[in-house]
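Report on the structure given below.
First chain written, first letter: the chains are A, B, C, D, E and F, and each begins at residue 1.
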Amino acid sequence: MFTHLDENNRGQMVDVSAKGITKRVAIATGKIHLKKETIDAIKQIKTKKGDVLAIAQVAAIEGAKRTPSIIPMAHPILLTSIHVNFYFEGEYLHCECEVSCEGKTGVEMEALTACSAGLLTVYDMCKSMDRSMTIEEIYLLKKTGGKSGEYIRERK
Amino acid sequence: MFTHLDENNRGQMVDVSAKGITKRVAIATGKIHLKKETIDAIKQIKTKKGDVLAIAQVAAIEGAKRTPSIIPMAHPILLTSIHVNFYFEGEYLHCECEVSCEGKTGVEMEALTACSAGLLTVYDMCKSMDRSMTIEEIYLLKKTGGKSGEYIRERK
Amino acid sequence: MFTHLDENNRGQMVDVSAKGITKRVAIATGKIHLKKETIDAIKQIKTKKGDVLAIAQVAAIEGAKRTPSIIPMAHPILLTSIHVNFYFEGEYLHCECEVSCEGKTGVEMEALTACSAGLLTVYDMCKSMDRSMTIEEIYLLKKTGGKSGEYIRERK
Amino acid sequence: MFTHLDENNRGQMVDVSAKGITKRVAIATGKIHLKKETIDAIKQIKTKKGDVLAIAQVAAIEGAKRTPSIIPMAHPILLTSIHVNFYFEGEYLHCECEVSCEGKTGVEMEALTACSAGLLTVYDMCKSMDRSMTIEEIYLLKKTGGKSGEYIRERK
Amino acid sequence: MFTHLDENNRGQMVDVSAKGITKRVAIATGKIHLKKETIDAIKQIKTKKGDVLAIAQVAAIEGAKRTPSIIPMAHPILLTSIHVNFYFEGEYLHCECEVSCEGKTGVEMEALTACSAGLLTVYDMCKSMDRSMTIEEIYLLKKTGGKSGEYIRERK
Amino acid sequence: MFTHLDENNRGQMVDVSAKGITKRVAIATGKIHLKKETIDAIKQIKTKKGDVLAIAQVAAIEGAKRTPSIIPMAHPILLTSIHVNFYFEGEYLHCECEVSCEGKTGVEMEALTACSAGLLTVYDMCKSMDRSMTIEEIYLLKKTGGKSGEYIRERK
């Protein structure tokens, strides 16, 4: 049932040897609730030169690459692309990450970890202004490739 | 305003040299929405021998320790304790992390990163059963120590 | 003779470009000598809920994944599975690790490193009770795949 | 009893906040059993220019530094020195590591991990000649500093 | 003579236990030679929104933090600040990094490693336009604190 | 133009999914300027037993393997070989690194990062004798494989 637990219910890294190498893509999303003044500050700085989001973007990309060391049972994977997109909507800053590989195992953990790292970095960059930020609704939007096939979830 | 940006609005690791060494504690929380059958499966396995949460707990602790490599502008810190607590409430599995240090800079990013790593690992362990899990409401509950003093937030 | 040394006898990471991609499996084993009361404590805790071995198991799996950063001349490898098994026998707790990949180079270092990390973690978890534990007899039990073919060693 | 397990018997990183900062030293030892021809090869290369042991020595030092990422519940520590010594005795190559810090927690895991990493690297460097090497008797020789005071174990 | 080599001339991490904790600062510099069109492209992108240098800046900061894992004999250090500055001068893009800590050992390797990581990242970001870039003249500009006292070098 | 920047000019890890898997090799070079007495010291130690360069060599190899964590937009790659060569010429110690893989993306960043890590380590090992060393002229000598084909640069 839990593919990550062996017959003694202890952790294992599940065997993917027999799986085929296919192109796999996963898209995850998440958001952080910010005060209006924090949103303005991020935007303004951005129109000047600085860029909170440039740093968060790097963190998201590195988060995707570092997934096998953050998630104990995750397989090492040769990622072939990572795209990160931040956008504002109302009181939220959204982070959407698309990760792909050609391999024997999917990249949804990479996409989810990228979103988390990106949003945590936004928190870190803004916490001197406001500590009441909340990270919300991190979930898988879409995944293709692999034996379990396509998964698509409607945006909340 | 953004203490992590220098006068060119580029990232820097802010100078904490002049800050005093004080005991600092931070508590963060977060939760993941699960199907009833996933909750049952986690609980049942747990009453046997296996333990999804034991693995997620390790991931949370390691996430706290690894924070300076996940969050670009975070300072390296000598953490003195990390406590992680998972509990179920309705359709949610909660993860609460308390981190402390004696140092020149706080540990709220460590607590938030620990929660994120713990919840992402729960997702990873359960994703073969359900891909519609959502990680929700990761935020700082409390922080003490340091110049900015105590911060307490009511539980949502 | 030493394939890891170049003509100046300095370290190199040997060229495996020309090697074929085959399924490779390695099994390594090791054990730690414990006092009877430490064994009892590990077992009892386990029958309750806690689980020293669950944590050591995670450490072993992560040790396998982290091998190329622990062993200077080891190649990065895409591991396809890691299984860890702890069992008690007399005054010993054994740790046996099976690692597999499909690649150009074998995974025996991964299996041996996994055993070492698992046993070191048992030591760490139990050292407040006893400091006289000894880690013993870490060796390769079996290896298949690759040009050098199968290697099987009798259990000591 | 197990200081690394909380009241639910799950892993925690134990609180060392209240501990004093003292100078702490730990010495660990371990050995690897080698065929006579492997010992000769290591020695000969060494008398030329190359040096299997130089590489294993680096691995041991890096292993000590990397301990908090290899051992899940280990605290980050500011190590102040690491000395590694390899010597031959009969059919064995010994690795002895002395690690020190000034901190709130001891360095015995660092010394033990250093020995393990050093010996695993010797295995890696020599495995093209012989796969029947065995790593044996890794244990703590001595530890000073800290509340639990001095621990000395006779050499086996 | 070589403080990093023990009496057998093998690597060690030198003992800094007896050193005092003082504020230590180091400034390093380096530059990369670029074609005029590459300089223009970096500048233009920057005046729009994108920012090659924002990414290189993150890499430099992370390089400073990661120094003990890149430089085998470097001590782990609690850095208290990292400032990175990129500026253009003729056919060169300069990278200057100031790192500080309060500790028992200096931070010049951290400053030099930060410069190297920053300039390598500029190379990586621009290599699709030009592969003939050259990284030049990475050296220590200034260092204060510690037993060896102040070191100041004239800018080349 | 900058393949590492998306349409908002923020960082991305470029998509290499469609690229073919070919054998790719890159050779990079760099050098460090040393005082005559430092060169003599390195050489003499080497003729005894110790070996500054053995340690720098390990650092270079590990630098190549660690490239995707040092260079933010670099892809993870399965390196198949790393060769490092140090040689003296006049007032300089040169470091030349050849890295190869079979993959979808090239290894020039790996070769350049290896040179940088090797030369920084030489600096670290010798800095107690002299702080006026300068790292100079790190550049790509040659690269083969991949869509952009062969690149050869004359030695400066």
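Keep this in mind: a contact is a pair of C-beta atoms (placed from the backbone, for glycine too) under 8 Å apart; a residue touches a chain by one contact, two chains touch by 3 or more.
Computed from a predicted structure; not experimentally measured.
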item	value
Partner chains that subunit B and subunit C have in common	A, D
For subunit D, the least number of touch steps when starting out from subunit C	1
Equivalent of B-C within the choices D-F, A-F or C-D, defined by over half of its residue contact pairs recurring	D-F
Inter-centroid spacing, subunit F versus subunit E (mean Cα positions, whole Å)	16
Centroid distance [mean C-alpha coordinates] between subunit F and subunit C, Å	31
Whole-Å separation of chain centres (CA-atom averages), subunit C against subunit E	37
Residues of subunit D touching at least two other chains	8, 10-11, 49, 51, 54-55, 58-59, 62, 66, 69, 72-73, 76-78
Interchain contacts, given as pairs of chains that touch	A-B, A-C, A-E, A-F, B-C, B-D, B-E, C-D, C-F, D-E, D-F, E-F
Contact footprint of subunit F on subunit E as seen in their complex	1-5, 8-11, 30, 41, 45, 48-52, 54-55, 58-59, 62-63, 66, 69-74, 108-109, 112-113, 116-117, 120-121, 123-129, 131-140, 143, 151, 153, 156
Contact set on subunit E toward subunit B in their complex	23, 51, 53-54, 57-58, 61-62, 64-66, 76-86, 100, 102
For the subunit A and subunit E complex, residues of the former touching the latter	46, 49, 51, 54-55, 58-59
In the complex with subunit C, residue positions of subunit A that touch it	6, 8, 10-17, 68-69, 72-73, 75-78, 103-104
